[in-house]
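You will see two complexes here that share subunit A, one where it goes with subunit B and one where it goes with subunit C.
Moving on, here comes the complex of A and B:
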């Protein structure tokens, strides 16, 4: 891949647009949920205002806290930013597209979780340890299916980088459905399986309702929230922004599986951007719908759901190895 | 080509519904899933009927809709209402273990299907893999579940798998044969539901 000025400019534009839109999508889901419950609902841009307010407040740390607490929030945030630098959303050449290996992305997500739980335990409160233990319970269960989703995408398209994977899918689909050339790796069944599997994983990883409910502060329901219970001020703001970025990462991968359309040159960018935002809004409505319809699940029923997700990604991998 | 891909989606949905059936502990949901699975099977047959333009397959589509999607689930729901058994399904092994076991059965069926295809029998390898997996998972459902009612679901799943495999090989059986098979299935469901009712009345399982 030759790296010219155009890629640099549009890659940067793409990165900033994704990062700036992230709280908007989270706010959109929140607003939809509240309207469905019959409440008036927050402003869609409320999460930007919250972030702005939290940045001005001072940080209070526990007296037992070590230096880990001072660096962990920034590492988590930087980690998500690096993942978003690799991610293609509406322009084919992302800034770190050269090193956007799928295994690297999967383990970068785990690294962020690691530092968040380290922060939780470093505060020395009982809730931190509880939250860290629960968070890893979920992450360990959902990691195999995430890895399998990525590996089966790589086998299906015979490419290792996430930019190349989705560009290959896009080209194959365009060839097959527009000009009728059967280029070999076009399937509806495999993306469908991967989409369902990734949807379940993203609900569990992003602390959404059937599995976790981050809106309450009840010790029984806390998964994600127990980790950042002790957090205050700037750190809290950074953690919350990080969680919106994580949601955006998952939604972007799902939107690319759903309908891969990435611009290659400057003329396609406006259309690609519009399609990207539309896809993200559709996925937000889907997630909000799942959250409205389902009650919070019992914790010991969570492995059932996550095992289904694992098996669906396993089936997708079998099918992609066989090359259907 | 597009039609073939959509047919693959229907076949995959059959397998997905079976995996969901293994993972869910609710018996009403299992019956609904069976109905959905039969609907997907019917759509797959319809795709074949449109493709080969065969009257047998159109007939098979209509019969499948009537018997498997509507009548059998209706009778199962009716029996369920009479038995008043709305409890969760008991299994001999835990649900995550059962689901992972179902996944390994899929792997196994993939291996077997590859060996069989190498011998030179030419039919849809995709359909054959999925139907073999569905067959094995249905057998696993029959073995691992404790009550008779939930074993019926496994039996019906096996029947669907055989139906799928038959349709993949033959481009449609003669209508008379399919009618006979479906009628057999229907009668066996009736007998089993009477058996459940009588068991309930006499021994109170």
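Moving on, here comes the complex of A and C:
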């Protein structure tokens, strides 16, 4: 991949647009959920205001906290930003597209979990340890599915970089659309299975309802919230923003599997951006729907759900191997 | 003599001697590259050759030994009363260095045996009941391994009628390889043969554990590479698949057991099993690809193996040294009794954190780099379309990703419970920062971890020579050359330097933004404890609590026994005392080793009764019988 001024500029633009849009998507899901429950609901831009307010507040640190508490929020945040730098969303060339390996992305997500759980344990509170333990419990179960989803995509497209993967998927889909499904090596089953698998993983990784409920602070139900229970002020703001970014990463990958359309030159960018936002909103509605319909499930039933996701990605991988 | 011991003369002398001799051997192996030495007298014949593979291992052993010796200059002071430690450890390191440059089978076996004996003496050094038991198990297992390795060499000798390694190229058939790999697997602690490792590595003094876990297990990998890539005669591709699967199972089970441990050093020892499993996986893929003639995968997997040897050696030795310092300054290795050490041992905790990030494969550190190459070679072997390899590499990817995530959990537990939170006992409360020399010994490998992680191109281009020696090809890696897996088309690229720069830039921008738009006010206050005014530091999450939910899901891997004992108390909810014990047993130990040991004891009891009877006629009968058996062997087998 050659470096090109245009790619650099629009890759940066793409990055900033995703980062700025992230709280909006989270807010949209929240608003939908509240309306469905018959509540009036928050302002759809409430999470921006929250972030701004939290930045103005003072940080209250535990007296048991060590250096880890002072660096962990920033490392987690920067880690999600680096992952977003690799992600293509509506423009084919992301800023770190050269090195956007899928395994790197999966392990970078684990790095964020690592520092968030260390932060949780740093305060000496029993809740922190509980949250860290549960977070790793989920990660251990969902990491294989996530890596399988990514590797299935890599095997399906014979590319290892996420930008190339979705460019290939896009080309295949366009070919199939223009000249019929039999024309090339394009599969409907593989993206479909991977979408469902990734959907389950996103729900568990992003602390969504059947698995976790971030709106409560009841120790029995906390996963993600228990990790950041002691956080306040600027740190809390960063963690919250980080969780929106993580949600956006997962939704973006899903949106690209669902409808692969990225601009390959600058003239397509406006259309691609509109389509991207529409896709994301549809996915937000889907996630909100799942959250409204389902009750929270018992912790030890979560492995069953995640193993379904694993099996689906395994089937997708076997299907993608059949290609050669 | 006592006065000398008191001043630590032995400690200074032998550690400096180790540093000097390790440096000497490094320089020697570079200057005498590709030349051969023979030491011959009336009854011994030692032959040495400095080839590329041994050069790599000499530099590896020497550099890690030098770091550990710097560390032990100060750390060893508590062993001054019994200075045999320093003598043995010097001899141990020297025997390993000479082992890798030896060029005939007798030299190899002699120094292999010397290495085993000195490490055995170091395992039983503390003299406690626990260390003697561990030492016995180690001695037994390692000699079973040596028997198999010797058998492999004898088979090679019968075939080539030469002792020299020069004649063994392409001579080893499948039986030789099987015997050698089994023998070396015992030394490497691969899963069915691993039982000795979690006992022997923790009981030795920490600097010795660091050498054993960081360096000695890799001698087995040296032997396996030598047999599979130099001595191997032809294509036994299924052997590669077996190595891959055994390695993947070791990786998973090793880290799963690591997660269950309370003892810091035992956790690290199980993590060694995991990493040896990862190295075996790479070796298996590389050997399979060699047999099936998929060149690029062979080189990539070999790069993963060699890089992982280096990465694991650096991070594991630094973590073992760190655990030694924890032991020295808090007098316990049980993480349930520690906590809050990051406030008392600030610099050590930073070094330990980086070591942990490296070993649990967090990008952009070096541990991730070698795992990434392994993933890429696994994906590449799926692309080959070879029926068996496709299935087994998918299984291996699944096990590797599971063990990768579990490693994160296990090491979060290690760091979180030991270094973070509140001190759980007075031991942890009274910890003090370690001595500067001890920290320097840890800091050098940790800094190398960061350097290799962020800018690996230099070390990869040096490793290319070793890869060329073993496989006949090289991996070209520079910051922007993508990895080619099977065709000429670039498959993927991981540019660590780019990622690190991006990380730093993004962090800087975020910090500048926050500096401009957020308040800097900070207040230190106590942790919220649901309004209770309790100062009980035991109320924190415990280490076994941390791993219990994961262990519950994977309960089929463990055979754990947990028990809660209440005092006989009428009040049901306000008990004055309750005792919880949990014991996690190794399934292999419980279902294979202990029954096998019992059967062995029973059989030997029968023989004991039969042989030790006082009747002289029966003894004469045995004598006669054994003569007849020897005669039959002579007639039918040897002639």
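The definition used in the following text is that the second predicted complex is superposed on the first by the 317 of 324 C-alpha atoms of A that agree within 3 Å, B and C clash if a C-alpha of one lies under 4 Å from a C-alpha of the other, contacts with A are read in each partner's own complex, and residues count from 1 in each chain.
By definition in this document, contacts are C-beta pairs under 8 Å (C-beta built on N, C-alpha and C of every residue); 3 or more make two chains touch, one makes a residue touch a chain.
These numbers come from a predicted model, not from an experiment.
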| item | value |
| --- | --- |
| First, second, both or neither for A:251, with subunit B first and subunit C second | neither |
| Partner chain(s) touched by A:284 [first = subunit B, second = subunit C, both, neither] | neither |
| First (subunit B), second (subunit C), both or neither touched by A:129 | second |
| Partner chain in contact with A:137 - subunit B first, subunit C second, else both or neither | second |
| Residues of subunit A touched, compared between subunit B and subunit C (which is higher) | C |
| Touching partner for A:303 - first (subunit B), second (subunit C), both, neither | both |
| Contacts of A:59 with subunit B and subunit C, given as first, second, both or neither | second |
| Which of subunit B and subunit C A:233 touches, first, second, both or neither | second |
| Overlapping contact positions on subunit A, where the subunit C interface meets the subunit B interface | 303, 310, 314, 318, 324 |
| Interfacial residue positions of subunit B with respect to subunit A in the complex | 1-2, 5-6, 8-9, 11-12, 15-16, 19-20, 23-25, 95-96, 99-100, 102-103, 106-107, 110, 114, 125-126, 129 |
| Partner subunit B, residues of subunit A touching it in the complex | 176-177, 180, 182, 186-189, 192-193, 196, 303-305, 307-308, 310-312, 314-315, 318-319, 322, 324 |
| Contacting residues of subunit A [partner subunit C, same complex] | 52, 55-64, 66-68, 74-75, 77-79, 81-82, 85, 95-96, 98-99, 101-104, 106-108, 110-111, 113-114, 117-118, 121-126, 128-130, 132-134, 136-137, 139-141, 143-144, 147-148, 151, 154-155, 158-161, 229-230, 233-234, 237-238, 299-300, 303, 310, 314, 317-318, 321, 324 |
| Partner subunit A, residues of subunit C touching it in the complex | 339-340, 342-343, 346, 349-350, 353, 357, 360-363, 368, 371-372, 375-376, 379, 382-383, 385, 390, 394, 397-398, 401-402, 404-406, 408-409, 412, 415-417, 419-422, 480, 483, 485, 489, 491-495, 498-499, 502-503, 506-507, 510-511, 514, 517-519, 521-529, 537, 539-542, 545-550, 552-553 |
